[in-house]
Amino acid sequence: MLDLAPNNKRGLVLHSPIMVGSGGAGNGDCWPSGLTPDMFAAVVTHPVTLRPRRGSEPPRLAELPAGFLLNTGDHNPGFRRLLDQHRTQWRRLGVPLIISLAEGAPGDRAWMAERLEEEPVVAGIELPVREDVNLGELSAAIAAVRRVTTLPLLVKLPSTRAAHLAKACVVAGADALVIGGPPPAVYPASGQALLEGVLGGPIALPFTLRALEKVAALALDAALIASGGIQRRQDVALCLNMGATAVQVRSLLWTDPAAARALAQWGQDPIE
Amino acid sequence: MLDLAPNNKRGLVLHSPIMVGSGGAGNGDCWPSGLTPDMFAAVVTHPVTLRPRRGSEPPRLAELPAGFLLNTGDHNPGFRRLLDQHRTQWRRLGVPLIISLAEGAPGDRAWMAERLEEEPVVAGIELPVREDVNLGELSAAIAAVRRVTTLPLLVKLPSTRAAHLAKACVVAGADALVIGGPPPAVYPASGQALLEGVLGGPIALPFTLRALEKVAALALDAALIASGGIQRRQDVALCLNMGATAVQVRSLLWTDPAAARALAQWGQDPIE
Amino acid sequence: MIQTKAHVVKRESERGHVILTLKAAALAMRLGPGQPILVRPGPGLDPYLPRTFHPLSIQDDLLSIRIPPDADRGHAWLRARSVGETLDCLGPVGRGFRIAAQARRLLCLGEGEWAWTLLSLVEKAVAQGVAVTLAVEATSATRAIPAQRLPLAVEYRLATVDGSRGRRGRISTLLPELLSWADAVAAAGTMAFYQTLAAAIEEQRLLLRHGYAQALYPSTFFCGVGACQTCARDVAGGRRRVCLRGPVFDLADIV
Amino acid sequence: MIQTKAHVVKRESERGHVILTLKAAALAMRLGPGQPILVRPGPGLDPYLPRTFHPLSIQDDLLSIRIPPDADRGHAWLRARSVGETLDCLGPVGRGFRIAAQARRLLCLGEGEWAWTLLSLVEKAVAQGVAVTLAVEATSATRAIPAQRLPLAVEYRLATVDGSRGRRGRISTLLPELLSWADAVAAAGTMAFYQTLAAAIEEQRLLLRHGYAQALYPSTFFCGVGACQTCARDVAGGRRRVCLRGPVFDLADIV
């Protein structure tokens, strides 16, 4: 049995190492052709903020070789509406639901985390971390959330700075580290407007692997979850081999649901 | 007339915005089919260290989508042999030669920079900067070199941290900033060994553009040179448009010398 | 939405663009006019984003897509496919054109490349006995839909910016006459085109009422199921995901 | 080194691999056995790294390359080329095999896939009147060079690991006999193969002298001109760039 939070009383047990990464299935309500929640080990929502956010103006997407840049600007309906609109549907998910809490005003995340204690449908919290965060602020923010919740806490680190930030996160109370948010970049979208966004797709994998290698070498007392660019069985095998307990897939669900379905059968298949 | 160092008494005048980036033509002695030094605005050598370096063990190269990871480990014959072996040939280059000084023991770069004052064939110095450098150390290192040389000083910043480091470099005495060294990553090379290296090829461009956008916004008193992933006329136009004075090309010389030659004719061609 | 391997059963090449007829029964069955499909544009993981197509015709187990003669390398790969190969397709995306039960005279209005997306609607409306006029604005005659691509029963009106065929100039000069005839409108073009259309309707009918004109929002799609959030636009009174609410909207909701 | 567009004039497909014959006069003229060429493996900027090939034959204005049936997507693109298309080629890279003026009996020794790189040398040596034995170690008969690919004058010896043709097992058992015959050796294989060969030569001739055996260093190339430093290896008494010093070395310099 895989447990992403063995030191946490609640634990976070997965039936396979293949999770749906933040927003891959929207807020657990957007399932591409042929995919159902129970195929995956867990589902992470889009990052939510306390108040609604209209997100970025278009264009939000630019194509890169073997990938893309995406910038949605944390477009979301706000914490209260998210829960109100999805609670019923989440009860039927059948697998652990992890709420991603985006950074907003100071104290917002702790406030939301505290509310989530009263939501039996929620199995964990993921905190995405900005690339330019300062180490002290990050520790304080994680510790503030840790104080108010008994839920398993996943911290999603930017891949370029994961090794630098990892230890402080575990000390501050993270149960697991998601490695990592791919690096930001700029490229012209269609219509020539320069788009600043975060890398996605297969081309993100080399950044994930570098961060995973460096964080695994620290041998911290936290589960590692590889995220960013994972597409093929060999990518999963490599990440598990390098020390990850699980992986998150996202855009594969969109570009090739059949491949995502096959990948989700990890371990159930005699040929591996 | 383009001048990369207008505030420097010596100046660094280029006849076009297309330079050969560090190592693109070896140490000015490795010219792919149909290319000659005078086609380009300037030539930057491989990074050299005071003592010879054997560089990294193979594999040194892994393929990525639209690019590659490269790790040569600053393989070089050492400062003295570099000068002794190349001085004569450099006199015939016909365009400015810029020596790249790699980081070594403390004080090594300043020592080498001082020697270069006595080499009339050298038109400038480029200092490549590590991604994990500390801001204070970097300022001190640049200032130390600045004190001992009147040569134009180019500082090559890692793209992920360029905006963070740029101002301090100019304050410490950099005449121009090279934007930037692409991010490091890890991927299996052939034979499955994990290779950690620096990104090269077209896929590096989105990182260069992000760093260039952020540094240009600082409006510092230093010329900007875009480097990393530049291949097509539209890439050059974009970089110049975003505030670069010149660009450096490297692997294009290897994969498509004819295209590099066409690019080097920038400005001489009526259709632009 | 389903994912399916579609077999290329016919390939026509015409003035640079390529039309592929695909056999994909399960997809054709679910697909209506105005609903796009997403096609994988290469054999591997690059290019990675799907390409969006609005089938030109949907008949029984067949559908056809037109790949424009542009510089996109995904399109270049798709143009090079030949009969017997298969394409990985996802679809249908979102909601398409509806032909109201009481519609008798349908005006289909297309601008430039977008005009092609109306062909399957034209086909379906004619088959249902609706009188159809297709009016198209193109930069020149060679870039317009050839008349022989249309059912005989369709009245085809053309405005070309260079005057090489039909009315010279923009389509706006034709609109008063066409709108006075039509009891329903379906449009495909840019947002600027829809502004012009809405203004002409208001001039002609005093009010742009819901239910009179439908318009295909000009968009490409990534996930097509609401997850990626890249297609969000300010339409229908809020910031909506076009792949869920559209891509066909009431014109009154997008201008 | 030159860069040139080579025209595909013939395409043969055989047990998965594809042999393309290319017309490229300026390149063929400069090219000798053992000197690789670099070929762009796609239409655009991806895949980005060139693919390295050792031409199987070089004759007048023609040369031919063999694309192995592996999973590399650059190779997949190249296997799909057809007659009439052009390939972007760079070459020759470095130094090839030399046939010493006094050589009378040349033993060519190839291991697995690498054996194919010896074909152009075999051709040239036979044409110069040298007696040639080609000895190849393959995993099985179906993966070995077919005899009909060779000039009639060549003596062909095969060792197959599965015993499906020729001597069963590794080539080492054939070496004593072959080496006692040869006055010059040219080899292509892995470094392990060269260790075995060097040991056999020392056994047979007491010393591995410079000038007796040449070996193709098993390497692919990026720039091919010494700039990128990816091909540096510890050979010939130092860390050398194989694309400048090699890829053909004296066997004594690389073991």
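Lettered A, B, C and D in written order, each chain numbered from 1.
Operating definition for what follows: a residue touches a chain if its C-beta (ideal position, glycine included) is under 8 Å from a C-beta of that chain, and two chains touch if they have at least 3 such contacts.
Keep in mind that this is a model prediction, so the values were computed, not measured.
Q: Going by the contact rule set out at the top, which chains touch both subunit B and subunit D?
A: Per touch definition, common to subunit B and subunit D: A, C.
Q: For subunit B, which other chain has the most distant CA centre?
A: Comparing chain centres, C lies farthest from subunit B.
Q: So what's the Cα centroid distance for subunit B and subunit C, whole Å?
A: Roughly 49 Å, centre to centre.
Q: Where the centres are mean C-alpha positions, what is the separation of subunit C from subunit D, in Å?
A: 55
Q: So the centre of each chain is just the mean of its C-alpha atoms; given that, what is the distance between subunit A and subunit B in Å?
A: That gives a centre separation of 36 Å.
Q: So which stretches of subunit D touch two or more other chains?
A: In subunit D, residues 45-46 touch at least two other chains, as defined above.
Q: Out of subunit A, which residues touch more than one other chain, so two or more?
A: Each of 64-67, 202-203 in subunit A touches at least two other chains.
Q: What topology does the chain contact graph adopt: line, ring, star, complete, or other?
A: Contact map by chain: complete.
Q: Which residues of subunit A touch subunit B in the complex?
A: 64-67, 69, 131-132, 160, 164, 183-188, 194, 196, 199, 202-203, 205-207, 209-210, 213, 238
Q: For a test of understanding, state which residues of subunit D touch subunit C in their complex under the given definition.
A: Answer in residue numbers: 43-44, 46, 73, 76.
Q: For the complex, give me every residue of subunit B touching subunit C.
A: Interface residues on subunit B, with respect to subunit C: 65-66.
Q: Which residues, counting only subunit C, touch subunit A once they are in their complex?
A: These residues of subunit C touch subunit A: 1-3, 40, 45-50, 88, 90, 222-230, 232-233, 239.
Q: Where on subunit A is subunit C touching in the complex?
A: Residues of subunit A touching subunit C: 23-26, 29-34, 46, 54-55, 58, 60-61, 63-68, 70, 72, 75, 201-203, 231, 251, 253-258.
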